[in-house]
Amino acid sequence: MNWLEQSIMYTRGVARGQVGTTHELTEARQHTFHYTMGPYSDPVLNIAPGDRVVVETRDAFDGKIRTEKDLPSQHLKVPFLNPQNGPIMIDGAEKGDVVAVYIESMLPRGDNPRGTCCLIPRFGALTGTEYTATLNEPLPEITRKIDLDEDGVYWSKRIKLPYKPHIGTLSLSPEIDSINSLTPDNHGGNMDVPDMGPGSITYLPVRSPGGRLFIGDAHACQGDGEVCGTAVEYSSTTTIHVELIKNWQIAWPRLETDELLMTIGSARPLEDATRIAYHELVRWLELEYGFDRWDAYMMLSQCGKVRLGNFVDPKYSVGAAINKKYLAPAVA
Amino acid sequence: MNWLEQSIMYTRGVARGQVGTTHELTEARQHTFHYTMGPYSDPVLNIAPGDRVVVETRDAFDGKIRTEKDLPSQHLKVPFLNPQNGPIMIDGAEKGDVVAVYIESMLPRGDNPRGTCCLIPRFGALTGTEYTATLNEPLPEITRKIDLDEDGVYWSKRIKLPYKPHIGTLSLSPEIDSINSLTPDNHGGNMDVPDMGPGSITYLPVRSPGGRLFIGDAHACQGDGEVCGTAVEYSSTTTIHVELIKNWQIAWPRLETDELLMTIGSARPLEDATRIAYHELVRWLELEYGFDRWDAYMMLSQCGKVRLGNFVDPKYSVGAAINKKYLAPAVA
Amino acid sequence: MNWLEQSIMYTRGVARGQVGTTHELTEARQHTFHYTMGPYSDPVLNIAPGDRVVVETRDAFDGKIRTEKDLPSQHLKVPFLNPQNGPIMIDGAEKGDVVAVYIESMLPRGDNPRGTCCLIPRFGALTGTEYTATLNEPLPEITRKIDLDEDGVYWSKRIKLPYKPHIGTLSLSPEIDSINSLTPDNHGGNMDVPDMGPGSITYLPVRSPGGRLFIGDAHACQGDGEVCGTAVEYSSTTTIHVELIKNWQIAWPRLETDELLMTIGSARPLEDATRIAYHELVRWLELEYGFDRWDAYMMLSQCGKVRLGNFVDPKYSVGAAINKKYLAPAVA
Amino acid sequence: MNWLEQSIMYTRGVARGQVGTTHELTEARQHTFHYTMGPYSDPVLNIAPGDRVVVETRDAFDGKIRTEKDLPSQHLKVPFLNPQNGPIMIDGAEKGDVVAVYIESMLPRGDNPRGTCCLIPRFGALTGTEYTATLNEPLPEITRKIDLDEDGVYWSKRIKLPYKPHIGTLSLSPEIDSINSLTPDNHGGNMDVPDMGPGSITYLPVRSPGGRLFIGDAHACQGDGEVCGTAVEYSSTTTIHVELIKNWQIAWPRLETDELLMTIGSARPLEDATRIAYHELVRWLELEYGFDRWDAYMMLSQCGKVRLGNFVDPKYSVGAAINKKYLAPAVA
């Protein structure tokens, strides 16, 4: 049996895993991409729980970096970075619910798909930045264009990396804030967690009517931490299956795969992001999996898994996870 | 001669320090208070550079904590905290300009003015919070109502504190974000810097047409850091004199008093807020006061002053300052 | 061919991977365990490069927590925690060299081996601590004794965890500091990196004559971050093969396995530990594997792996790694 | 009446403020300066509680930077920085006691006293460092020699700064660690708190027999944060009056002046240093000044003062203070 049938999404979702209508959210239909996630933008699509959406995402540079001679400082204009599709309204979604997003597939778009990786001045983990404000000269500005297909990411003659796509930015709307698409927080946002690829389900808390789903920032591959500040950014056709879970109060995004349950925290300093993730995981085990709080805490100290999303965005993202095999109920 | 006449506000402002029309921004006129600062709300007032505004601010609890029996968890509803007056549109303000706000006076409102200080669960510096997520039980929830007048803040029979009012939250709008009124950032916001009282000028970068000035969160007094999470929060009549300085590119808020020039950074961790503040101050001395960059940096290492605003908000705020006497031009 | 034969340890070590004398460092021979790592303690053993040492380590509680009724606050006395075997002097080791420690095996000691996991007041990631000083009441104090053998760690009736042993604390001496055994830093120390188990080689920088190797703190298993503050702490028989690499200047510990090369940073905040680890890895690729610096930086942004050691010690530890398959020289 | 007579030092000290023998700790007598503070070095002096010591301190560069052409990288050798006088043994000091150090005076030494301020590569607050490890090129290396006397510090033709001397590094020994003289912690160390000048009393916890007092690192003046990494470092004649307070359990250094009581925390990130300082101050008010814990916490939120020591050392230092006038007992 497919693990999805036993997933939280399928067992608790309104549509019980049934796939409804398939919508096409093409670039043309999207028309105006968004650079903040909030309650103030016009919906681009209304869907029912269980519907599938085929989304044409743009790369994080809005396609403006076309050759290795195009430098970020010439073509990018802060804060108009990381364009998002959406908002997609989910019928019946209300504050206190959860929207589940299962990623079915992510394919490169275009005849000659290429990804883009840039070294952007004063951005990245190993440089002074706007926040870690130093007086050092910035690092050099560099653009790399990388051929890729479903078989691999051709980094250099020497090195072929696996094609391991994931969605960098996935959000519902905050209740009253409108947050730029570079910043992750408890609404989701620019988390850059490599696990958020095909085969994963992300659970996001609903805070405004319809949920208002935003999606973008496809990565063909990405290392833990996204250390230089960018992944192999590319334009994708991403197919998602969206569900609604009523009356599930969660404070931060969560993720499920065949193998694990993960909670995701985003904050600075990095220990606070990690604290949030593990705190949410302890509480989840306590509230929904029959663990004593302190037993959950002590057990995760022995088997918890941590994934560093990014530590380059305005807030850093960390996932804390447990293998689902440890959650099976005790044999009577 | 009054120092104001030589201030940046008076010497570089459009109105050259002339006071224009006085506007009354009463509670009734404000009608709808705001909980985010951004470009999406309707203006409440249009003013010209040089105009004066008399603002009736509400306390950070929106007046809902009336007695010491009123607990925050009963009466407050996140994120509807820290109500802001505004947005006030300043004629001619455009991206790349600066709006200057001189605080003329801050008076308690009402016949029997009282301030409010609360210990709010999972909020404050010496407790686990939403971000520094711990499994400890929260601290007790406590409300204090404190009599105050222009002569003092009557903390207890034992202790009378000086009445040293300041504005906790002062902002222009970000370019595209709409940021909740608890969070400071480079647009200003909930900085809680005690120097921002009567006699101070705050300089804020314009990022959207008209600037969109928000103001609120009066404190009758506050210690460095606002350690328990709240000051003596009160409703005030605050009179401000607003100016516009064209073509002054600043990245973060700045403040001027008779004695000092200050730059204000807001970030986590706290060292990043301090780095931002000092970085901005070094650059200011270099660009506008004739210092060599490295001389400014090394000299501030000998005479810089640091003020901790808050270290309890979603971002912490720090001011770095230099006494203006060190900025006098060298004798020829 | 065994990967070890191509390891840095074997190809650059003085003994070229030859195994010399086997020494027994029993509890009796150790006699006095150490709670700081520094240049001021008396050597317990002198070995030649290539020698093997069979070490009887004590658990981090010095064996004082014998039953689930023994509470840490009753039996432990700060700073006398985490007893270390050593110092072992390596012939010929001088400042500027590296000592390599290959862990051959780790076996539980005793007839009825049991591990210990404690919740210690004001220690751990999800609680206020001595540093993250809060006024909350501490978490409950709890002791768990856990049966274990080479087949598994029997956490509860419900859950059996894999036996995945590793050494929590491994160090050479700093040049002049003597650092308590709870704190990791650039000398090694209490890093709690789960990869540091049988089959791994750790490279440590020599800073004082003979290197002065300390070892202890065996864990039968541990999750990323060691979130509650302790692993399944147990007394082990750990067999190590020790080598000396002359004239290899490294600033922080490194680790090699069949699959990966890792650099380890220890600092607070956690982003600094991560920065150190990735900075060292970029520089390593540049200096020893023929990468351009910026190419290494940008490539690690696509394929770097991060392991969180602990984020509960006085400094947090992070490993950044690359799969060795990407380091193969380009085909001519 | 001199405030000293009512100070904690005088009212609780063994010698009750009486000044005993005056000892001369000249450079010659010191002979070997120390670069770690710990229990492993040989005492240089034994004194009784109440004794006065006249200490000839060396500057933090050990006098090796003689002209503006002498660059730190040429003349300094890590970790042999910041030489300390001591250890001075105080008769009767035992673990659980406190040693009080009143600074009577600090005078420049030599006929033509000059201070030294250096910009050291990869050291300071506005640059990448060993911990905040960036790939940026380091800042330029610069040495400044500054004439000074008791009337002022002659920074440039344009700027004369006040002579405001203080001791940068003051410590007792940790119990078992030996900590380099660049690092502050709960034993004291390189705190760089500008309040620690003539007229102040520092209270340090005794952790080993005799206390083992170390002192050094005189600054002719210093701004909050010591932002470039160094102050106006100079060689001084510093006269201290040393007392012993029996059975006073304190966890971190404290400081008293005519006006205030201060607690000092040292940690990273900077918010943790601030948390420690305020936590200790709340507890102090509760345990020794008759405050309810929560009242103390909430009141400090209104009147607490924060001093940033350094935020450039391996740990950052922060003082939290209260004006002593608020500690007067309530009138009956």
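Order as written gives the chain letters A, B, C and D; numbering starts at 1 within each chain.
Please note the rule applied: a contact is a pair of C-beta atoms (placed from the backbone, for glycine too) under 8 Å apart; a residue touches a chain by one contact, two chains touch by 3 or more.
Because the structure is a prediction, the values reported are computed rather than measured.
The greatest centre-to-centre gap from chain A, using C-alpha centroids, is found for D. For the interfaces C-D and A-D, the C-beta contact count is higher for C-D. Chain geometry summary: the mean Cα position of chain C and that of chain D are 34 Å apart. Chain geometry summary: the mean Cα position of chain B and that of chain D are 33 Å apart.
A straight line joining the Cα centres of chain A and chain D is 48 Å long.
Contact with two or more other chains is made by residues 126, 132-135, 139, 268-269, 275, 278-279, 282, 297 of chain C.
Of all the residues in chain C, the ones that touch chain B in their complex are 126-128, 132-139, 269. Residues of chain C that touch chain A in their complex: 117, 119, 124-126, 139-140, 142, 144, 153, 155-159, 161, 221-232, 268-271, 274-275, 278-279, 282, 294-295, 297-306, 308, 311, 316, 320, 326, 328-330.
Across the complex, chain D meets chain C through its residues 35-36, 38, 40, 79-80, 130-135, 175-180, 251, 265, 267-269, 272, 275-276, 278-280, 282, 293, 297.
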